[in-house]
Structures are given as structure tokens and as C-alpha cells.
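This is the structure, below, for whatever I ask next.
A, B, C and D are the chain letters, set down in written order, and residue numbers restart from 1 in every chain.
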Amino acid sequence: MLTRLANPARFMRISAVALPWCAWASCAVIAVGLYLALIAAPPDYQQGEAVRIMYVHVPAAWMALNIYLFVAVASAVALVWRHPLAEIAARSAAPIGAAFTFVCLASGSLWGRPMWGTWWVWDARLTSVLVLFFLYLGYIALVNGFDDPGRGGRVGSILALVGVVNLPIIKFSVDWWNTLHQPASVLRFGKPTIALSMLVPLLVMALGFMLLFAALLLVRMRTELNERKIRALRLNSAASVRPKRRSEHGVPARPAVLR
Amino acid sequence: MSAYFAMGGYAVFVWPAYALTATVLGGLVLYSWQRYRDSIRNLERLQRQVSPR
Amino acid sequence: MILAAFLALFRRDLRLALRQGGDTGLVIAFFVLTVVLFPFGVGPEPEVLARSAPGILWVAALLAALLSLDRLFLPDYEDGSLDLIALSSLPLELATLAKCAAHWVSTGVPLALISPALALILDLDPRAIATLLASLLIGTPALSLIGGVAAALTLGARRQGVLLSLLVLPLYVPPLIFGAGAVEAAALGMPPRVDLLLLGALTLAALPLCPWAAAAALRQALG
Amino acid sequence: MHAALGKQTRRPMLPHLSNRLSLTAAPALAVPLPDLVGEDLACRRGERIVFIGASFRLSPGDTLILSGANGSGKSSLLRLVAGLLTPVAGRLLWGIAPVAADLASHHACLHYIGHQDALKPAMTPREVLAFAAALRGRRLASAEPALDEALAAFDLEGIADWPCRWLSAGQRRRVALARLLASPAPLWLLDEPTTALDSDSQTRLEQAIATHRSKGGMVMIATHAPIQLDAATTLALDGLAPPLQLDPILAE
């Protein structure tokens, strides 16, 4: 499947069809999810209405982690099989992941305030998401840190792999650190056993976020491909302006099919 | 109706959470869509310049 | 044959770091200065300082190691020595290992050796000073190795200094947690063995993986 | 002699190649070296494809001069032949053995002198040459005579123990060139070697190249200076610029 999608022209055709579907589907699913989360779901016996923040916080946390894994897999494909489209997928997905991570942190902080009286609670999971957020920022800064976008992409792929290897280590060390310094709050931040009426909105919102990710990814990848075409056209128009001194035995005009 | 918006006293936390999510994700959607439209427009303009020659 | 080249590169880097007297002295001065600044911030009360001494010492050591990281590959990249090293009989992975080892010896070891003196300034519990020395000696190789990867990744980037610290700090969280945790456990009288073992595991894991990743990054810089 | 930590399986062709390549001060090579052949090489630097279809054949004792305007890819071709750059198309071969099969042995057979001199200000020329020889795996003890010979060849004995920050540009260039003789390698890749050299040093360089070629060595040189090289073939890179700059992702 992967190699079939490798051809950018085919990708553009497929994504042109898939994009509207993804976009409308994500809007519909998120709308349903919001209705379920804000209206249909019952308040929690302990936390009352505040539990509704969970329907945004938890799906965002899932997306934050899964998108980083997506970036890592795309980077591995880009490095191992020299797959140009995979590099563009990784580069386009990272900002979306960073946005979801930020949403997760902000909603977590807003949820922590009424529950534990502090805007930021150093809970193991929330702290790991914070470190993940810095991994995202590091990747995005590195990819855009070079003048030559190709160079940034390849180096970013290596960083994504280094990051994904470190993720479980960071998660383990933060949990270890958390057990050492038990934070002031007594109520464990863990999710209570979810009643079905609470689980459904959670899953619907998660599906909505996934479709939103897919739609955004396709838009950003198409933008990246267009920008590459623009750069190539500018490079060629600059090249054609350069005087060709040895035009008598001109090199055959076949485009060089390059690895 | 207003009781609903009070969110059992937690309105000041629940609504900002959803508003923030909407602004961040919505902002990213608008920004990406805007850049997408720009890239299409530039590409067509460049292709018109190159092809008629 | 390869060992001769490895030792040559290691000795040259070490001599350059020590001969110019720049890196090592600078790093130690930064370490001492950072630690000394804390009492001005949190106040001189001994029990406050003693309570947070492990964290202060480890964060300061970590930042001091971070300070001299961008000098790991950049001078060689700019004056063409990196081409020479890439074309030598030494595989690039071993070359990065040699450079990270030289960086460790010229910054990590001095930091560890001077840390007991600073522990006294912060009234750290005397029982923990031995553990502090051990944790820094075990942990700083991991800092140099992970830092080596970040330095190789950001080679030739715009604003390399800032970018390098942004990449490295999230990866420094595990060594910091285990290192400071070991010292704190010792200060509370508990056995620091498990923390030190975990820290040692980090360093051993970093030993093969980081040079491999750094070499891959250097090849991008050379090509 | 060469215990390469080869990750790939060793190709039968190359190891015996590197054994024969110990072009020490020994008399001329009994067994001739294979030719260095470039087939239809194409090179990309950053986003730009610099040249396509570059082909050449360099047999022992030959010199190849790369000519072309600035930016036509002379330095890129030298870096590509040195193995620092991977070609985007085409192949580089020793005789029939592709270089990509065993890059470590290929690196052992060449010297690459780029635009930069790769000198550390705090090190002296003697230390620089000793380090360069050690990097190529020469024991320090056995390298001593070769160091003195290299220093003498480029008239550097007087300043052999000055730190490099005291040296002028020409002296620094001579130290960089002295690396060619500090440890033997049959293939010399020289990028603008005569920059900042005075006429006396230039004749020393021409002499070094002549003796190297007489011993069966090969030289590939990118230069604008009128350097005196007899029976040298030329590869013009100007006509090889591709008409169509195609980004690989759009090429399919």
C-alpha cells in the first residue's frame, strides 16, 4: 500500500477525493461528540459538571501520543526506504500533534483547578505530556531550522526516532519520580471506572479528533507538495535564464530520473 | 436555560476549556487552509507564467 | 589500527579542550556560579537549601554540560576537520564516541569532582556527598552522549545554540530524575542503589545508541 | 594492513585492492592499480542538481583537471569521488568493483584536500601531520620519517613547531598539502590547491604531484591557476548542468 501511495501524483488524486469526506465527517462527528459531552452525559457524582472537561482532555491526550508515534513511523519509513512522501507526512503531522498536546495541557490545567485548587498539578501523566510537548517543539524547530528543507526533513526524522525511543524511558522516569514525591493532592488523577454513558462521548470525540487530524494532514501535505512544485518552478526559471555556454552539444533534454 | 450554562458552578472552567480547544484547533484549521489556498494560487500563477512561453 | 585512530582523536580533542583552558575552566566556573546563585534566590536558611541541594546541584551540572555542547562538532565542521575524520579509517560512529568521551572527560569529570565542595555550601547531608559524586560520575557520560546527538543534529542550523538546548533538555529529564533521586535518597538515609543502577542503565544504553544516531546526523551534515 | 570495521560483508575485490595500495616510499608499484571510473554521475547539493552525466576514467599515473565556471560542481564532484557525497545517479568504480560496496577501503585509498585547511590554531604543523597520519591508522613510531619528509617537501621544517595561529594563509595551505605525503594514498583529490601559494610553493606542489604520478598515483584537481601538469586530461563540467531541475519527489 505504501509504495502505491509513493507516487505524489497519485497521492494528490486520492487526497483530493478523500479530503472533503474527511473534513465533513470530522465536523459531523465532533458535533455529535460535543452534543453528547455537553448535554447528554450525566455529571459525575464527585466532580459534578467539571467532569465534562475530560471529554476534551483525554481524547487530546490520546491524539498527542498517537500523532507522535505517527511522526516516528513516517520518519522511520522516510529514513529506511528514502520515501519522500513519508518525510512530508511527518513534517506536516508534527504541528497538529503539538496543537493537540497544548489543548491537552490547557484542559488538564483547567480541570485541575477546581479539583485540586492548583492550576498545575504535577501528576505523572500530565507531566509526561508536558515533556512530549517539548519534544514536539524541538522537532518542529529543528525541521524548520535549516535553509535547505530537505536537510531539515532528514535530520528531523532522526530526531523523531531518538524521541520515540526516549518516550517510554521518560514515561517510566516521570512515574518513578512521581511515586518518590507523592504530590499534595490525595485524589489520584486516575480515571474512575468509566460508566458507559461517559465512555461513549469520549470515544466519539476521539473519532472526531482522528478525522480532524486526517483532514488537516491531507491539507498540509498538499500544501507542502504545492510549495515544492513552486520552488522547483522558480529554480528552473532561474536556471533557464542562466546563459548556457556550451549549447552546441546540448545535453539531451530528458529529465534526469533520479533516485 | 441559564442554570445549564452555570455548569453546576464550574462554568468558569468547563466553557474556557472548550473555548480554548475550539480556538487552538480552529486556528490551526484556518491557518492551514489559508496557506493551502495561497499555495494553490501561487502555483497556478507560476504555471501560467511558465507554460505559455 | 582503528584503536590508534580512536585514541589519536580522543587525545587531540582532550588536548584542545584542556590546552585552550577554555572549555573546562568555563564549565566549572558556570557550575559554581549557578549553585552559588541559588541561596540569593531561595534564602540562606540551611534546611531549605539542604532540602533542595540534590536538585540544585544536578540541574546546575546538567546546564554546565549543556553549555559546551555546541563546541563538540561545530569547530571541526567549520574548519574542514570533519571531512578528514569522515575519510579516516575510523568509522564515524567511533569518531563521535571519541569526541563525546573527550567532552565527558573535559567537562563531566571536573563537574563531578568539584560537586562535593559545592554540596558543603548548600549544607547537603554529609551522608549524601559520596552518592552525589557517584551519581555525577555515572550520569554525566549519558549527558555527553545525548548532547552529542543533539549537537550533531543541529550542526549548520540557524541559531544552533538555542535549538540545541531545546532538543536536549527533554531528553535530559530521565538522567536528572534518577541522578537527583539517588542523592536525595542518600540524604534521607535510604539506600540510593536502585537510582544509581537505573542511571547506570541509561548511560550504558546511551553508549551504543547515541554515537550511532549522531553519526547518522553527521552524514547529513557532510552530504 | 587494513582492519576495517566493515559493516557490509567484505567484497573480495576491494581488500586486495587496499593491500596493493600501500604506496609507501617503496619503488614503483609492481602490479598496476585498477582505473578509477565514473559512470554518468549526477550530484545534488541541497535543492539544486549540480550536474548530470559526468563520466571519466582515471588510470594510474594520470591527472584529471576539472574545469568549469564557479558553481558548475567542481568541488561537488571531488566530494562525490571522495565518498563524502552519495551520487544521485550513476556509479563510481575501482576497475569493476563499485565503491559503494566498501566505502571504508575506498576512503583508505584517497586524500581529499578541500577549500578549508582543517588546521586547529592551537596545534603545531608537526602535531597536525601526526594527527592526520594517526587518523589514517599509521602507528606514530612508523610515521616519524614520513612526517619529516612531508615537512621538508613543503619547506615547513622552520615553522614545524609554531602553533598554526601564527602561520600565514600560504603556510597554512602548505601544511594542509603536506598531509598528502604524511601518509601514502594513491588517489589525490585536490580542490583549488594553489590558493594563497607563492610561486616557490607552487613548484613544490607540481614536483610532489609529478613524483606521485611517477609512482603510479592518480590526481584529480579542480583549479583555475595555470598549474604545469603534463599529459593531463580535462573534464569540463559546464555543459553538464541539467536543463530541467526536477525535485525527486516530483520526478516520478
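In this text, contacts are C-beta pairs under 8 Å (C-beta built on N, C-alpha and C of every residue); 3 or more make two chains touch, one makes a residue touch a chain.
Fair warning: this is a prediction, and the values are worked out from it, not measured in the lab.
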Next item on the list: Mind listing the chains that sit against chain B and also against chain D?
Entry: A
Check: Any idea how many Å lie between the Cα centroids of chain C and chain D?
Finding: 36
Check: Where the CA atoms of chain A average out and where those of chain C average out, how many Å apart are those spots?
Finding: 31
Item checked: Length of the line joining the C-alpha centres of chain A and chain B, rounded to whole Å -> 16
Notebook entry, point to check: Roughly how many whole angstrom separate the Cα centroids of chain A and chain D?
Noted result: 45
Check: Which chain D residues reach two or more other chains?
Finding: none
Check: Can you list the chain A residues in contact with two or more other chains?
Finding: 147, 151, 229, 236
Checklist line | Complete list of chain pairs which touch one another | finding: A-B, A-C, A-D, C-D
Notebook entry, point to check: Which residues, counting only chain D, touch chain A once they are in their complex?
Noted result: 42, 44, 46-49, 52-53, 69, 88-89, 236, 238-252
Next item on the list: Report the residues of chain B in contact with chain A in the complex, numbered from low to high.
Entry: 7-11, 13-14, 16-18, 20-21, 24-25, 28-29, 32-33, 35-36, 39-40, 42-43, 46-47, 49-50
Margin query: Using the touch definition from the top, list the residues of chain C that touch chain A in their complex.
Written below: 149, 153-154, 156-159, 163, 166-167, 169-171, 173-174, 177-178, 181, 184, 198, 202, 209, 213, 216-217, 220
Note to self: Quick check: in the complex, which residue numbers of chain A touch chain C?
What the structure shows: 79, 131, 134-135, 137-138, 141-142, 145-147, 151, 154-155, 158-159, 161-163, 165-166, 169-170, 172-174, 176-177, 180
Next item on the list: Enumerate the contact residues on chain D facing chain C in the complex.
Entry: 1-5, 7, 79, 82-86, 104, 107-108, 110, 112, 114-120, 122-123, 127, 131-132, 134-140
